[in-house]
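Both complexes below contain chain A, partnered by chain B and then by chain C.
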Partner chain A sequence: MSASNVVAPPTTPTRKRPVRAGIRKARRGQARWAIYLIVPSIVLLAVVIGYPVVSAIIMSFQKDAGLDPATGLFVQGGFAGFENYAHWLLQQCMNASGQTISCPPGNLGSQFWNAVSVTFFFTAVTVVVETALGMWFAFIMNRTFRGRALVRAAILVPWAIPTAVTAKLWFFIFSVAGVANAVLNTHILWVSDEWASRFAVIIADTWKTTPFMALLILAGLQVIPEEVYEAAKVDGATSWQRFWQVTLPLIRPALLVAVLFRVLDALRIYDLPAILTHGGGGTGNATTTLSILVVDQIRQGFNSASALSTITFIIIFIVAFIFVRILGTNVVRTQEAQQKGAK
Partner chain B sequence: MTTVAGPAAASAEAKAKSQTSNAAAKSKAHRRERGAAWRTRISAIVIVLWCLLPFYWMVVTSFRDVGYTFETTPLPTHFTWDNYITAFSTRLGNHLGQALLNSLFIGACVTIISLLVGTFAAYALARLDFRFKGIVLGLILGASMFPGVALITPLFQLFTNIGWMGTYQALIIPSISFALPLSVYVLTSFFREMPWDLEEAARIDGCTQAEAFRKIILPLAAPAVFTTAILAFISSWNEYLISSQLSSDATQPVTVAIAAFAGSQPHQEPYTAVMAAGTIVTVPLVILVLIFQRRIVAGLTAGGVKG
Partner chain C sequence: MKAARVSVIAGAAILGLALAGCTGGGSSGGSSGGAAGANLTDKGPITYVQGKDNSSVVRPLIDKWNAAHPNEKVTFKEQSDQADQQHDDLVQHFQAKDPNYDVVDVDVVWTGEFAAKGWLQPLTGSFKMDNSKLVASTVDSGTYNGTQYAAPQTSDGGMLYYRKDLVPTPPTTWDAMMKDCDIAKQAGIGCYAGQFAKYEGLTVNVAEAINTNGGTIVGKDGKTVTVDNAKAKAGLTRLVDAFKSGNIPAEAITYQEEQGRQAFEAGKLLFLRNWPYVYNLAKTDGSSMVKDTFGVAPLPGMTGPGASSLGGHNAAISVYSKHKATAFAFVQFLQSEETQKFFVTQGSLAPVLASLYDDASLNQQLPYLSTLKTSIENAVPRPVSPFYPAITKAVQDNAYAAVKGDKTVDQAVKDMAAAIQTASAG
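== the complex of A and B ==
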């Protein structure tokens, strides 16, 4: 360290040197402190996330242990190449004599694209509904009226309830003799009919997660100064115009971050469909999401399950990437700006 | 929420009143604003009912007699505490009491580890100037968005191989994967807003940076740390996916216990007992959240991470 200070370029004026060196030294001291402070977190995350992810990728290229079709002996897999991925993406299975065939209907492999479309369907519907409702909640909470504190408290209740309990609660509400059918005066089989079970999951998810959406959007709304609206009003903007041309552009960053978080969260949905519709619904896979398929596969073969979980991870990663690229979401910067605004 | 416009509403109206001199336009604007105030009130009532009614239904059902499970009266016609006794009974192979202790223990371990490690990282991210800060922040945020299923398969195999299936550490370790990033992120944003001048003052008075951190900043940061602890604890308390696969009857947390709650008949769902169990698990959490409402909302929107 001191060596680099000594061989400073000769053109540098002498009187400036101590100041610069002091700043550099302070910065270097800070950087050293920062490393000491951050390393434990990074190491711990590497252990609890990095290690499993890397080993899942390695496992996904191994064959599942099983009976060798030729000898009838139990063998440990060996290298599989992209076989496990082909199993999911192209529905290729091995038949008894070790040839590649397309998977029979009952096989988990044949459920892959169904699970993908169910997952994306849930994500699209819940995120759109929750964004719209969340925006409405946020607008109401941003107004001044008596009882606003009550609304703000009530909105936290669904958020505080564990998803597993939420699932059980809506399982009861949606039971055949339950209150949903009683109120609607219907006899819908909410947890076993194909489309009804999907909507049961969507309704329960909307109830549970809209508050979170509303709070994020509200945080964005509160940053907008009142004068902006006053100015728009003076200029004769209608409330519709004020919403589209003033509010929406101003909350856009906060809104995009909220939607991004929700999309990533919805793509890994597990608890609700797993408990509310016992992982199936309909003929058995109407609400089977990618996460549920992974869990179903675990006990049938780790390596195949690893390939599927890696695919799931890549799908989520790609969606996040597209989101950030196309919509220009800068999560970190938006969050910082919001905090500065809230100060 | 009353029919008479309160002083708050009145002042808001006065403030928002446009300065048109035309009396007719004035009364029209006035009427429109009264309408808007009404719409706000009705919306507020709808939102409160939508959020609270399902929760209310759970609590009410937990007090209904089993024979009257599906009655739709707002209050139970046959009030009973029996469901709470059934919920805690181990006769049918349910372990709610044990599961509550398990969840508390797992949650406490996860929270303590995450905060011990995360506080330091958050301090560095909020306070110190160094290269790759944006990358570290991005990594941590990315980690908190990480799908649980991507971890479960290798952990399942690893824990089977080393005989950790169904142990507490097998449930604590995966939970750190989402509790730690959440803690770092929320704490970082809290730390950015703290009065750091006091630290400078301590430095001038001769403290080292480490001393200033310990003697000045930690006591000041206690409320932020506490809020983060609640969020981390709730995220661990609510975890289901990984626990449902890696826990045993002896170590299962409440979410798993409630999801698998068994009734006296194999195909008969013990609704009232499950609602009682749900109420037991939820009510303390709801009370905690309502007490620390303001801080939790601040932490949630800062971290932007779902618990």
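== the complex of A and C ==
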């Protein structure tokens, strides 16, 4: 998914200056034109984004269809209140006699908190590793040396391969008789051992997504003028100081945007573990992420699945919100600081 | 502040897309009203829906039908080759009450769900099928709540592949097979494997172990949970013990059909439980090291043949079809001896007509046919339940934990029963 759906707010003139009536009129006409031009995309977004979101939320308050004991046929479940949410968040299930019990293992409800912790674990580890490695790659790509174009192309190859293909490649590498065990001279059951399966997913994800981080950080590196480093050198800064005092503050905006994108992406991770380990490992759910759980639940009941996807949406939204708040203030402060420095 | 606002909007847009991808179709369920009683005698063009026709049998059949029925032509709608996608495609069209999905090919494990949703025409009254010539277990796989909803079209059963150079006479019981494992040990290879990765194949293998021991997972009605009893426990215990003793090699926990086949063809296994498709591959694959040294036998049981899980597909008529009389005639055509023979000779698809298994010329062409007959005759369908996805999940999660030794058999079976119960309680 890309960020191509961003709708920039129409810019308004900020400076007050006496203008002639003709220009003002033209401006108003322009503003109206802008609205006309934007309307189609807003309508489109409302249909393809607004409708599914609202529909999912409405469905999440409906009960899943149950059986009519007399006919053996399904009947509509009716209004559920917060029952579907309680099922996931509080692990409440109904037993045969209609009493509320704690969801037994093997019921998807019992896996919710496990899936949350697996998802956050993947997010934390992969983003940290990918940021560190990506920065290192970016520094390499930023240097001038013979064969730089080749290195840049080589680093970008994993990012160009579709995730499903990547997952299948690593599936073969991590099979019992696969390359990983042959090279390491081990006999690890990569897709069924609890921690091995998690690391398999982390390794594959790192391999695939580090180039993305490297690319975004490289973009940040390339706008740093050489003079800043020269000035730092003249002032007697060591290379360690140059990194912490010059490079890092200057690439911070690019870095934080890259990390935000990766965090949101990692929280939604589905395809890689779904294909590589089928969400298995350990007692069977060591790599089941929230998105995998949603898809599993769709087969058992749409309404409950809608509740789960709404919960997932809210979790990711909260994380994004916290992030953007911190990121936003950071971005502003850096710009202000830069402007002050420039004056 | 502008940058921050743009980021917020970007974030919201991305999240919106994420959620948009997560919502399924609309709400489902409800009875189909009068649809099951409409258009019963109407004839006209119909559509037949099936997953990818890998063995190229459907088109020639339809050509033949169309030549004989110019006014009731059948159009073939081919789905993808992924079972999950076929299932979801059918669900979407049924929800939309699509009259153009007249005859649909359903996997045996979907029958209960589709029947309970009221999407399948009950095969009663004028649509009653003649099941007298069919293998009985295949009819059970199309029957939900005492009513037949789907007509068996092709079948499938598990067989025991064994190395006849190491084991001249194949074991007929599980205990005898476990004794033969000493031979594997001496030869330095693994003894037995089936499908034990956590996916549908595990349910198939666990159901076989349980059914072979006389246990069941759910009762005939598809709802009553019966798995928490001594017989079912004894069945699951066999698999658990075999894993513990190493008679099933540890890596078999990662095996689906293909990994097991590769290990067997590489000469690394003495016994393998798999489907009939392996036979031709093991005979002809360039990499197969057991071309002339393997044989097939019925699955080992308690005293005689074990109870295989039943695979295969059933043909069903949509309640929304506008030409049900034609649809019914076409379903009968699919079950006719001529068609069934074409399926088995052309596509190696196991027939549902009992008589074909004794056909001498067919046995010559497919030497495993008599073994397959034993397998299918003793086969038990997986639970025909509207809650099958929840049942298979409950079986997989808990059986997987048990064979890995993370859970006792007692606890696994208890959790299995509780999880199946919560599913059907809604």
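Note that the second predicted complex is superposed on the first by the 300 of 343 C-alpha atoms of A that agree within 3 Å, B and C clash if a C-alpha of one lies under 4 Å from a C-alpha of the other, contacts with A are read in each partner's own complex, and residues count from 1 in each chain.
The definition used in the following text is that a contact is a pair of C-beta atoms (placed from the backbone, for glycine too) under 8 Å apart; a residue touches a chain by one contact, two chains touch by 3 or more.
No experiment lies behind these values; they were computed from the predicted model shown.
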| item | value |
| --- | --- |
| Which superposed partner A:G134 touches (first chain B, second chain C, both, neither) | neither |
| First (chain B), second (chain C), both or neither touched by A:L108 | second |
| Partner chain(s) touched by A:S306 [first = chain B, second = chain C, both, neither] | both |
| Touched partner set for A:L215, first chain B, second chain C, both or neither | first |
| Touching partner for A:G284 - first (chain B), second (chain C), both, neither | second |
| Which superposed partner A:P273 touches (first chain B, second chain C, both, neither) | neither |
| Chain B versus chain C as contact partner of A:C93, first or second or both or neither | second |
| Partner chain in contact with A:L44 - chain B first, chain C second, else both or neither | first |
| Partner chain in contact with A:I298 - chain B first, chain C second, else both or neither | both |
| Shared chain A contacts, counted only where both chain B and chain C touch the same residue | 45, 48-49, 52-53, 55-56, 59, 175, 177, 257, 264, 268, 291, 294, 298, 302, 305-306, 309-310, 312-313, 316, 320, 331-332, 335 |
| Chain C-facing residues of chain A, complex | 1, 3, 5-9, 45, 48-50, 52-53, 55-56, 59, 62-67, 71-77, 93-96, 98, 101, 103-109, 175-177, 187, 189, 191-192, 253, 257, 260, 264, 268, 278, 280, 282-285, 291, 294, 296, 298-300, 302-303, 305-306, 309-310, 312-313, 316-317, 320-321, 323-324, 327-329, 331-332, 335 |
| For the chain A and chain B complex, residues of the former touching the latter | 27, 30-31, 33-38, 40-42, 44-45, 47-49, 51-53, 55-56, 59, 136-137, 140, 143-148, 150-165, 167-173, 175, 177-179, 182-183, 207, 209, 211-212, 215-216, 218-219, 233, 257-258, 261, 264-265, 267-268, 270-271, 274-275, 290-291, 294-295, 298, 302, 305-306, 309-310, 312-313, 316, 320, 331-332, 335-336, 338-339, 343 |
| Chain C - residues contacting chain A, complex | 1, 3-20, 22-31, 115-118, 144-145, 197-199, 221-223, 225, 250-251, 253-254, 259, 262, 386-387, 389-390, 393-398, 400-401, 404, 406-407, 415-416, 418-426 |
| Footprint of chain A on chain B - complex, ascending | 1-2, 6, 8-9, 12, 18, 37, 40-41, 43-44, 47-48, 50-52, 54-55, 57-58, 61, 70, 72, 113, 117-118, 120-121, 123-125, 128-131, 133-134, 136-141, 143, 145-158, 173-174, 176-177, 180-181, 184, 189, 192-193, 209, 234, 237-238, 240-241, 244-245, 254-256, 258-259, 261, 269, 271, 274-275, 278, 281-282, 285-286, 288-290, 293, 296-297, 300-302, 304-307 |
